[in-house]
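Each chain gets a letter, A, B, C and D, in the order it is written, and its residues are counted from 1.
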Amino acid sequence: MEQTINNTSGFPILSMLIVLPLAGAALILFISRANDRAVKMVGLLFSIATFALSLPLFANFDKTTHLMQFVEQHEWIPYLNMNYHLGLDGISVLFVLLSTLVTILCVLISWESVRMKTKEFFISLLVMESAMIGVFCSLDFMLFYVFWEAMLIPMFLLIGVWGGPNRIYAAMKFFLYTLVGSVLMLVGIIVLYFYAGRTFNILELTNAAYPFKMQLMLFWAFFAAFAVKVPMFPVHTWLPDAHTEAPTAGSVILAAVLIKMGAYGFLRFSMPLLPDATRAMTPVMLTLSVIAIIYGGVICLAQTDLKRLIAYSSVSHMGFVTLGIFALNVQGIEGGILQMLNHGIVTGALFLSVGIIYDRTHTRDIADYGGVASVMPVYASFFIVFTLASIGLPATNGFVGEFLILLGAFKASQWAGVLSATGIIIGAGYMLWLYQRVFFMETSSKVAGLSDLNGRELVALMPMVILIFWIGIYPNAFLSFMHPTVQHLIERVNSGAGQADILGLIK
Amino acid sequence: MNSHALIPFLPLAAFMINIVFGRKYLKEKAHWISILAVAGSWVLAVTALIEVLSGRKFNYDLYTWILSGGFKVSVGFLIDELTVVMLIVVTTCSTLIHIYSVGYMHGDSGYYRFFSYLSLFTFSMLMLVMANNFLQLYFGWEGVGLCSYFLIGYYFNKKSASDAGKKAFIVNRFGDFGFGLGIFVIFLTFGTVYYEPVFSQAGNFADATVQFLGYDVHLMTLIALLLFCGSIGKSAQMPLHVWLPDAMEGPTPVSALIHAATMVTAGVFLVARCSPIFSLSETALMVVALTGAVTSLFAATIGLVQNDLKRIIAYSTVSQLGYMFLACGVGAYSAGVFHLYTHAFFKALLFLCAGSVMHAMGGELNIQKMGNLKKYMPVTYFTMLIASFSIAGFPGLAGFFSKDEILWLAYSGPSPVGKLVWLMGTAVAFLTAFYSFRLIFLTFHGKFRGTHEQEHHLHESPKSMTIPLMLLCVGAVASGWVSIPHILGGHANFAEFMKPVLGHAEGHGTHAEEWMVMAISVSVGFAGIGLAWFMYMTRPELPARISQQFSAVHRVLFNKYYIDELYSFILIRPTIWVAKNILIGITDARIIEAVVNGVPNSIAAFSAGLRRVQTGLMQHYATIMAAGILIIAAVMLLR
Amino acid sequence: MLQQLFFAYYAVMIVLLSLLVVTRRNPVHSVMWMLLLFFHIAGLYLFLNAEFIAAIQVIVYAGAILVLFLFVVLLLNLKEEIAGRRFAGSWPAGLFVSGLLFIAVTLALGSYVQGPVGKYSIDVIRSETHTKALGTLLYTEYLFPFEIASLILLVAVVGAIVLAKRKLRS
Amino acid sequence: MVPLNWYLLLSAAVFMIGMFGFLTRKNIIIMFMSAELMLNAVNISFIAFSHFLQDLRGHIFVFFIITVAAAEAAIGLAIILALFRNKQTAHVDEMNEMKG
């Protein structure tokens, strides 16, 4: 049996994290529809409680080991050898925290902007949170798959019910796109299950050695699921539609957490399970990443829709993430993971900000804006921080991530490094142009007389600013979580599958 | 913990206080905090200078910034001769310009914002010069770029200002692209990005070649040229010079501080700092020298015909920066840094004088509409005259010493292009003198050509503005005296002081030659002044005639060689066209979306076809049912 | 020989009458031909020693069900209906399918193998009388289905009334 | 002695005629009668088998079939009445509510 560090506190913290939001959702079910305020308060309280509960993870995490921590294991379906198996390592722990934090902010930002079906909205939000945490904690592939698919439902509802005018199309597109990918992954999971001797345990699956051809096929099956989620270049077109139509909270969750899961999937499954295929496919993945970076960036230059622009910038930024991950060296992968976090924070914050101004103007057309900085100076200051973080200015988190990624990519392939570095120039171009068109120049009639941020919005944006500078100035607070795990991952990828020494390391 | 850390962090603290409390609480008092902070930095910088003069150096880390695998980089400080010179330049100029701004920006709605940006700029610039590794240098590098963006676009309601800020940032990003790659190559070569080990090991790689994008290149040349890309962007050299003239949209103190005295010289600082690397590559040095010389000449010619007061000075800045690169390129790093140091004073002075003129003229910048201002603004006139003499290389003033040292070392140095760049440099000296005095004559002499209202409004600027002018004027006169060349009986102290960091460039020539070079540069300077006197004082109708005679040349010069239009035509517009029409129009909409929507649509079409089977007529169903029975029966029979 | 002759008569008549039933334009005519057809079928049953069934064939089918048909036909005013075409557009398909199915069944007949024979030989039935034998079986072994059949009839009665009655004006 | 196959052949012929009628006639009442015809064809088979296998269960089946046929006729004709009342037609090709 593989070694893990069991949760010895006697308190099933991960299960609690998954259950608590669900409990909140259940509680909301019993609140009268008329009592809007109570619904929101319960949503807020439960999201804060979940966040508070996740903080011990940050504090108690053992940064010296790559082993799984806080592990819980119970039988689920013994006949199929499926287990309820949870645990965290250096890759996933930060994303659990990100998920819990972002949910609070989403609750805050939806406080007034969601006017219809409030009850259902907050239920969806809390169920979403629970599923997200589940995805990051699962150590059983089937359990992972269940959470992975469960996530689709609340998100589908968030887009399809509370979205913009074209919401049904966007929601269907989002749903079908991701579903097609996941189904292929399911096939892959089942193949692994039988090949590795009827187990869904990720750690045990990692120990098995798979023939190269099979690895290749599985790699592409997993690719279908993860690349759609990321989204990588040719399968990115659901993202702009989903982001544009989704309500603010939906966009934020989508940007901050949901699309991280694709990259997380690559790290958790594709790379350790299929090391030979990963190495063989690196050139392809690097190429796709570089295309995504440049393609997404250049498209942003021609966007006229605020949310659409940020959505395409996500394509570009996630290109950086996959670039780093598939550089297959320490800097690249750590940069990639950090950049996932960064992108979650920065793009999440950008969507929060866009939501804030959208609530006031009800337009997403960039041409309708102008001169917002004169009317809303505090808001403008927050937005410039997010903009700068997005274009990777030193002292913001974006810089650390992008720098490490580019360094890693340059190490892996000079062409990839050089070409993707042009993404930084393009990024500055579209973000600053956006900022200019929205905030600078003469005040347009649509924004004249808008009120600046209120306390609630300030509270929603503040954590993001703090995180941006925290990671930017002292990234080691976060990088230190990853070191052993990433080291271990790289050893695993760079070794032939199933070599004795690797088995020794894991067992 | 050392007091050095306070040098940058004092302005940082001022920035934070101002940005958080400025809008609501400090308002008109915001400048106190910034000025106190930067003055404190100045005091600490002076103590650092004294420490270094006494032979001490410092190189230590504050804390580990990024640690990932073998990559480790800290926030740390290196205090050596080069650093303290930069510290003195930055803190002195910054302090004086802060004080100047109190008067200049008085009553502006974004008063607190202006001072917080200035503080942030000072912080970034100090981080840049005090860095002990390349990444922190990059940090400061981008930081000053950001402040430049904020300050150029300070009047953000004006489209031209916000355009200029954006342009500055993006053009700089092109340079930083190369700079960043340079840092990657350094890390991959040396395994570290700290100056000290990199420079000490650079010699080991003197002859190494490396594969770069499929080509075999000389390693040191590669690194040097990539780093130089950053310099080109930040110091506005060809072909990335386009942002600096537009940057004049910012308030004038900003132009003086950022776009004349400090930030734009960061490129020169970078080359000087990396002199151990540049010195190992003759090719790179040649590129640096030629880029500098060409830019210098090129910008000077544009400066000849511009009418915008600040733009003329801006082109003069580009030209002088070219001079500094020219110096570095011929191996005379200390001469380049020396020119950087003197230039900071007289160019900041020129800008501040221009600001003073603007203040009096109510924001008017066209020198064709000025004239005879010396009557109204004697202090401004006098200080600006001194500054112009200094830049024109009037013997005894600051500019004379530094310019002469550069020209002499170019002439006599070992560089293969030395003679060529000396010739170009001399031509630039002539042009510089000409356009500087064209400016003086058109602005301060002759008859006032503006409106009546403006004339009525003319006045000398307040004390808070004229005192910094006078202080800087002292610098413009005397800052050169620290390094009087041997031939004039001095000791060339500056070069001696810099020797441990920058090495010593030896000129190989006789005293006669040195006298000749000096005489030529001085005489072309006087010739330029004389020509300007002739054209704008004695025969004021002449310039118009000449420009008519050579209208094509004039148009090209006036339109800055159409470089902006060229970039727009070959770079910006095609990119956006491709984005709009190919990426969005074809790739996304026609190819990817066609597949994505095509699959469900074809399924829908198939279903629609299949639906027709459902006629709703029960006999059809019954027939099909019977046919099913028939098929089953047939199968059973045939088995 | 006589048996075959009898059978031939009945068979020919049954087939002929069936064809008449399905091809007549006027439903009343069809019902009339069907009445005749049911008598012939009852005759065939007698021929197979099934007196009881033959009796209810006449009583229930001919007497009750067909009358019901006749009522309905008369209730509906079918004058225009009769004017139109008799067969649906897809009649060749129907002919084709039923024809082929007939051939298939005919071909299948050849492979019929008789299984073991039960205890109700003609002599047994004769000694016990047919109705008694059937009644014994029905009230013992098939009691439960018998009860269900009664329920079905009840449901049918209720259903028929509910469906056929006119809506009350409310 | 008449062999079993003759009866079965007769039964098949009647069944196919009924089926033909059901599949082709437009008039719903005749279709209904065709269905009765098919039931009768089956009944013939049952009785014939019963006779030749010396087993009374065939009779039982026929008994039940007749019962069900009666019930079916009652319900079916009631439906036809209701239908005719709403549609004013007994032609099945004018009823296509189930069209997809």
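Everything below uses one rule, namely that a residue touches a chain if its C-beta (ideal position, glycine included) is under 8 Å from a C-beta of that chain, and two chains touch if they have at least 3 such contacts.
All figures in this text were calculated on a predicted structure; none of them were measured in a lab.
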Of C-D and B-D, pair with higher C-beta contact tally: C-D
Distance from the mean Cα position of subunit D to that of subunit B, given in whole angstrom: 98
Mean-CA-position distance for subunit D and subunit C (Å): 7
Euclidean distance of C-alpha centroids - subunit B vs subunit C, Å: 104
Subunit A and subunit B: spacing of chain centres that average the CA atoms, whole Å: 38
Touching two or more other chains - residues of subunit A: none
Subunit B residues counted as touching two or more neighbouring chains: 617, 619, 623, 626
Multi-partner residues of subunit C (each touching 2 or more other chains): 88, 90, 93-94, 97-98, 101, 105
Arrangement of touching chains [line / ring / star / complete / other]: other
Chains that touch, pairwise: A-B, B-C, B-D, C-D
Complex interface listing, subunit B residues touching subunit D: 611-619, 622-623, 626
Parts of subunit A lying in touch with subunit B, wherever the complex brings them together: 173, 176-177, 234-238, 295, 298-302, 329-331, 334-335, 371, 373-374, 377-378, 381, 388, 393-395, 399-400, 403-404, 406-407, 410-411, 414-415, 417-418, 421-422, 424-425, 428-429, 432-433, 436, 439-443, 473-476, 479-480, 483, 487
Subunit D residues touching subunit C - in the complex, by the definition given at the top: 1-2, 4-10, 12-27, 29-30, 32-34, 36-37, 40, 43-44, 47-48, 50-57, 59-60, 62-64, 66-75, 77-82, 84-85, 89-93
Subunit B contact footprint on subunit C (complex, rising order): 88, 90, 93-94, 97-98, 100-101, 104-105, 107-108
Touching residues (chain side subunit D, partner subunit B) in the complex: 19, 22-24, 31, 92-93, 95-100
